[in-house]
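What follows is chain A paired twice: with chain B in the first complex and chain C in the second.
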Partner chain A sequence: MSVFITGLGVTSALGCSYEENLAQLKLGNSGLKEHVLHDSSCIMGCVPKSNLEIVGAFNLSNQAYSRSFLLGLCAAYQARTSVSSKLPSRMGLIVGITVGGMDLTEASYQQYIENKEKLDWLRLRQHPSGMVATQLAQFLEDIKFTNTISTACSSGANAIMHGAKLIEKGKFDCMLVGGVDALTQFTIKGFQSLMLYDKQACKPFDEARNGLNLGEGSAFLLLESERSQRATGNKILAKLVGWANTNDAYHATAPSPVGEGATRAMSAALKMAGIAPEAIGYINAHGTGTLNNDLSESRALLDVFSHQVPPFSSTKSFTGHTLGAAGAIEAAFCVMALQQQQCWANLNFTQPITDTKLTPISILKDAQKLNFVLSNSFGFGGNNTSLVMSL
Partner chain B sequence: MMYIEQFAGISYQPPFDVEAPLHRMKPIDNSAAVHEADYQKYIDAQVRRRMSDQIKRGVTCAMRAVEGIDINALHAIFVATGLGCLKDTQQFLQVSLQSKPPSPTAFIQSTHNSIAGQIAIQLQCKGANMTYSQGERSFERAIMDTYLEELQEHQRVLVGAIDERIPFLDQAIIRINPIDQDSIVGAGAFFFLLAPIRTAQSKASLVDCILTSSNQVSECIQIVHRDTPIDLLLYGNYCEAQAQINQNLKHIPSLDFTLYSGQFMVQSAFALDLALKFLEEENIQELQQLCPTIKRLPRRIFILNDTPMGMSGLIVDRI
Partner chain C sequence: MTSQIISYCRIKNDGVILNDRPLPYDTSSLKQWYQGLSIHYPKFHKMDRYSQLVFLGVEELWTQIRPAIDFEASISMIFANSNSCIHTDMGFYKTLEKNRPSPSLFVYTLPNIMMGELSIRHQWKGEQFFFILPKFDAIFYYNYTNLQFEIGKKFALVGWVEQTGQQLDLLLYFISNSSVTGPISIAHTIEELNKLYTI
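Moving on to the complex of A and B:
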């Protein structure tokens, strides 16, 4: 059974709409900049809209909202309203997220450390990861089912996969699926403590790569079954034709050095799509810019594509690593690639990794005929997800 | 329909490896502490030293629940958690806000899927690995995903739920949910090995998972009851359940399981573990200690979880 992608919403360091993100991808302009978040000053990918601006734009009541919810709302609302027709009454929502309302939690916890009496405990209600989905469902009104998946950096891709499975099995005709995460001190300090945070802009797949930069954002895809799409007549932007999730069972944070789980995820997603590896015209790689990921992913690419690796890039050089949102934002960029028949650049690349000698696309590339694209999302806990999309 | 072959739980009640577990159960009070299992039997000393308590609990229950099976048949690991690894989260938060150079261990273990990831490593299970975190519905979401899997006869799915209690959570809940002043915060880890077909190892069948957004307890129970009589109702009381049960459903033997588990987001997993213990017990007097109105060994147990998100129900049948 086909799963159609008919709606799309994206919010990232590149902008707060489909059009803004697309324009920056085409121009090759990165959204990564030096910013200060509390006492951390580093290169990150901030969404160019404040919480106040988002609260104002959606006429929300005067209370504290987690930035995760607000970013999610921007993207989910775009995806939901990008289709004009009335949707089936039973629509599900799945959110991929890693740290929930941590931005509010850390502000509250700071108060707690300074003076317990001053702490606004109610803000902690937005801490649980599932709250963003609950809040989005309240705002969007026609959501009848919510779920939240938290598998670190593959959360967004897994949310999409799970939504596609529910449609494929006939449980739902329409799903709003995606991911979200806001920048927090917690995650920035976390990756810094792991020595994985590059002080400069990240250089995915470059021999001189030295880690990642975090970003924030959200993307949501509206998935429809054939039956739903026939009834709504919504324009098909792309189809989701293959997906797979595997586990390395190797290490808590590091990927298998030979990309074993990644190889299996890509191969299984291709098999499900019923296509040979050479049918893939563009790969949006996980490509965090860390020493381990890029080497292991390169080896997996060589393995799956038998040394004939299709054009690939990591758009984290534009957005930063948006954690729970990454898989969803990158799936959205894949839909844009299919729509535009263009492959996005991998910025800051100069020299291939000595071991694997793979060269990503370093400038925007027009595709001859882009029919199938692959998006990789890997995460802590050895979690690997690959999605295959087609025109 | 799925079949439960093996299970293990760690909670405020005696852990999985004791004799006569029902006999040893006691209602909890505020001094309740998790009854830890003998982790050294399951996890290598070097690995164990680095693990948080919560991860030790999860890994141990998972290992116990898959004991003796061919690990190649383990198709997927699905874990539910409402709040993830709170202790590590708080620890890393505290240090990172005070600008001390933090150690990464707490950050690594704070990630929600660190439990499922560690289980995969310890079991060497390379199949699908998911972590669900949808508040009070997290465990039901994990179970529902197993129903989506097209399992071959020999394949198994390990489904579990886990949450922990820290003093800060106690303080927060009292202030966030003023109606819950008397409730005790629960904690624990619970894992179940599910099979798509009935085998000689089947202990019970998980007939269905029902979710509604309403809190009409009696309506929901009557629908289930009409089909096959419910012999025991295990309910988690959030606000409505008890009053409605007292009013309309006195004829069904029932037990508020949260008196034994405390209240927490994945408490229905405790109830499933308890239901399976009820089904394993052949001595009716043991059952009557916990539920005096029960007259015969139950065939069908209905777990009703009344939560702020609405109700969820799990139907468990004797094999």
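Moving on to the complex of A and C:
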């Protein structure tokens, strides 16, 4: 049973299309910059397109839209239209997300407090996480089923896994799956309050790492069953061959220090793919840049790959941590890696973590023969997801 | 094998009912309830009120059946409510307004943290779900729990866990799809689930 990835759309700090993201990954240019959000200035990964530009590009009606919806629309529309042939008339849509339309709520609330403007119900109605999927389904054709997954930083990967399961069980032949999140005060100040936000650009897997930077963005993959792909003849970009989700049962926000759940997630995904660990040619790590994550993920990598860890990197050094979108954006980067036969760099790295001594790829690396790649996404609550993709 | 509800706990503002018997606790003082359980679990005091509520309810119903259940058993958790953890979200937002965002509240602005707390306490590593539903839906719970049993799971902890403002509406129940029995035995049917909810 194969699940084919035939379409792809990405929007991140690196740009608003597949090509733009790919170009920056190849050049090794980070999208992380100093920006101001409301009253605070910090390093974040902002998508280089304003809400107005996106509304204009899609000819949307003149009302306020949440940035999550607009970013999601860019990526979902790209994925939907990146294939030329007609798709099955029954498609499902799964969105991984954490903040929903909170950016719009925050702005509306601020206006309400400052100007005593009447609260605009149409804006607040976009607050719930599930609203983005509803809005996307209204805009895109043929969506007959929507679902929203919110499991913190593993949301995007879980959305992909859920879509793949629905195809595997024969419930749908074609699924649009991915993740999206916009930047909000709520999350930026929340991570700052947890002392997890680096004042400089994040340094994943570095001994001197000091936290994460948040980013915004979205990615969607078009998944098709074998039957659907035979009928549509769409080009297969990659196959999704293994997935697993596990629970740490260790701490509310910190990962298990030995990476127990992460080890089980990677092992189970490899087992499902039916491959030995050495078959993996590149790992797109979760690598947030926080003290806890990178150490425990390194330990888990050593565990699973018995000290023969394949080339790995965290592309959060390019995009920032995009929360609900991260798993999807990184899955998209994995598809690009397979397509290009290249492994993306881990920026800002100088010195390996003393305990684990793992060195990520710090510059773009051409692969000899990249057949299988692994993508990790670990979230608050001890929720770990690993995806295995192949050519 | 027919599945049975073998322990349940119903929590509302006017009191707590454990397996048909009222408990002598006032839901306005969770600390007192915690002390009544005579357990030592310092993490409890760090949790938000919502996680504390669910924690206490699960502690009560689990104490009744724990000895009968194999430590290694996989326990699926199926939870839902209609407002996620809005109570804590609003609490965190108040601290944002004062420009002193509370890290402890921020952590709990995700419902899967509450489930994570239960996993940590009981070392449950089975399947877990938290759904957002318009209202308590016995049919949904019934079908979803049976799906778990169809894929070979033996036990499920199911809950409707709603806290909006000061309003509490929680129903937690444990279902066995094995020979393991508990202090009560209620057939796992849609009718019985609706009856439990109206207690």
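The rule is simple: the second predicted complex is superposed on the first by the 383 of 391 C-alpha atoms of A that agree within 3 Å, B and C clash if a C-alpha of one lies under 4 Å from a C-alpha of the other, contacts with A are read in each partner's own complex, and residues count from 1 in each chain.
Here, contacts are C-beta pairs under 8 Å (C-beta built on N, C-alpha and C of every residue); 3 or more make two chains touch, one makes a residue touch a chain.
Note that the structure is a prediction, hence the values are computed from the model and not measured.
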In the superposed model built on chain A, check whether chain B and chain C fit or clash.
clash
Which partner chains sit in contact with A:Ser2 here, chain B, chain C, both or neither? Use first/second/both/neither.
neither
Mind working out whether A:Phe186 is in touch with chain B, chain C, both or neither, as first, second, both or neither?
both
Would you sort A:Thr98 into first (chain B), second (chain C), both or neither based on which partner it touches?
both
With both complexes overlaid on chain A, does A:Ala133 touch chain B (first), chain C (second), both or neither?
first
Per the contact definition in the header, classify A:Thr151: touching chain B only (first), chain C only (second), both, or neither.
both
Between chain B and chain C, whom does A:Phe380 touch in the aligned arrangement: first, second, both, or neither?
both
Is A:Leu122 in contact with chain B, with chain C, with both, or with neither (first, second, both, neither)?
first
Chain A contact check, chain B vs chain C, more residues touched by chain B
Is A:Leu194 in contact with chain B, with chain C, with both, or with neither (first, second, both, neither)?
both
Give the stretch of chain B that clashes with chain C in the superposition, choosing among 225-233, 243-251 or 261-269.
261-269
Footprint overlap on chain A, comparing chain B with chain C
98, 128-130, 150-152, 185-186, 189-190, 193-194, 246-253, 261, 379-383
Within the complex, which stretch of chain A touches chain C?
98, 128-130, 150-152, 185-186, 189-195, 246-253, 261, 379-383
In their shared complex, chain A is touched by residues of chain B numbered 77, 81-84, 90, 92-94, 96-99, 101-104, 107-114, 116-118, 120-121, 123-135, 137-138, 141, 145, 148, 171-172, 175-176, 265, 309
Complex contacts: residues of chain A adjacent to chain B
39, 97-98, 100, 105-106, 109-110, 113, 121-122, 124-125, 127-131, 133-134, 146-152, 158, 162, 165-166, 169, 171, 185-186, 189-190, 193-194, 245-253, 260-261, 264, 379-383
Can you name the residues of chain C that touch chain A in the complex?
92-93, 96, 101-103, 106-110, 112-113, 115-117, 119-120, 122-126, 128, 132
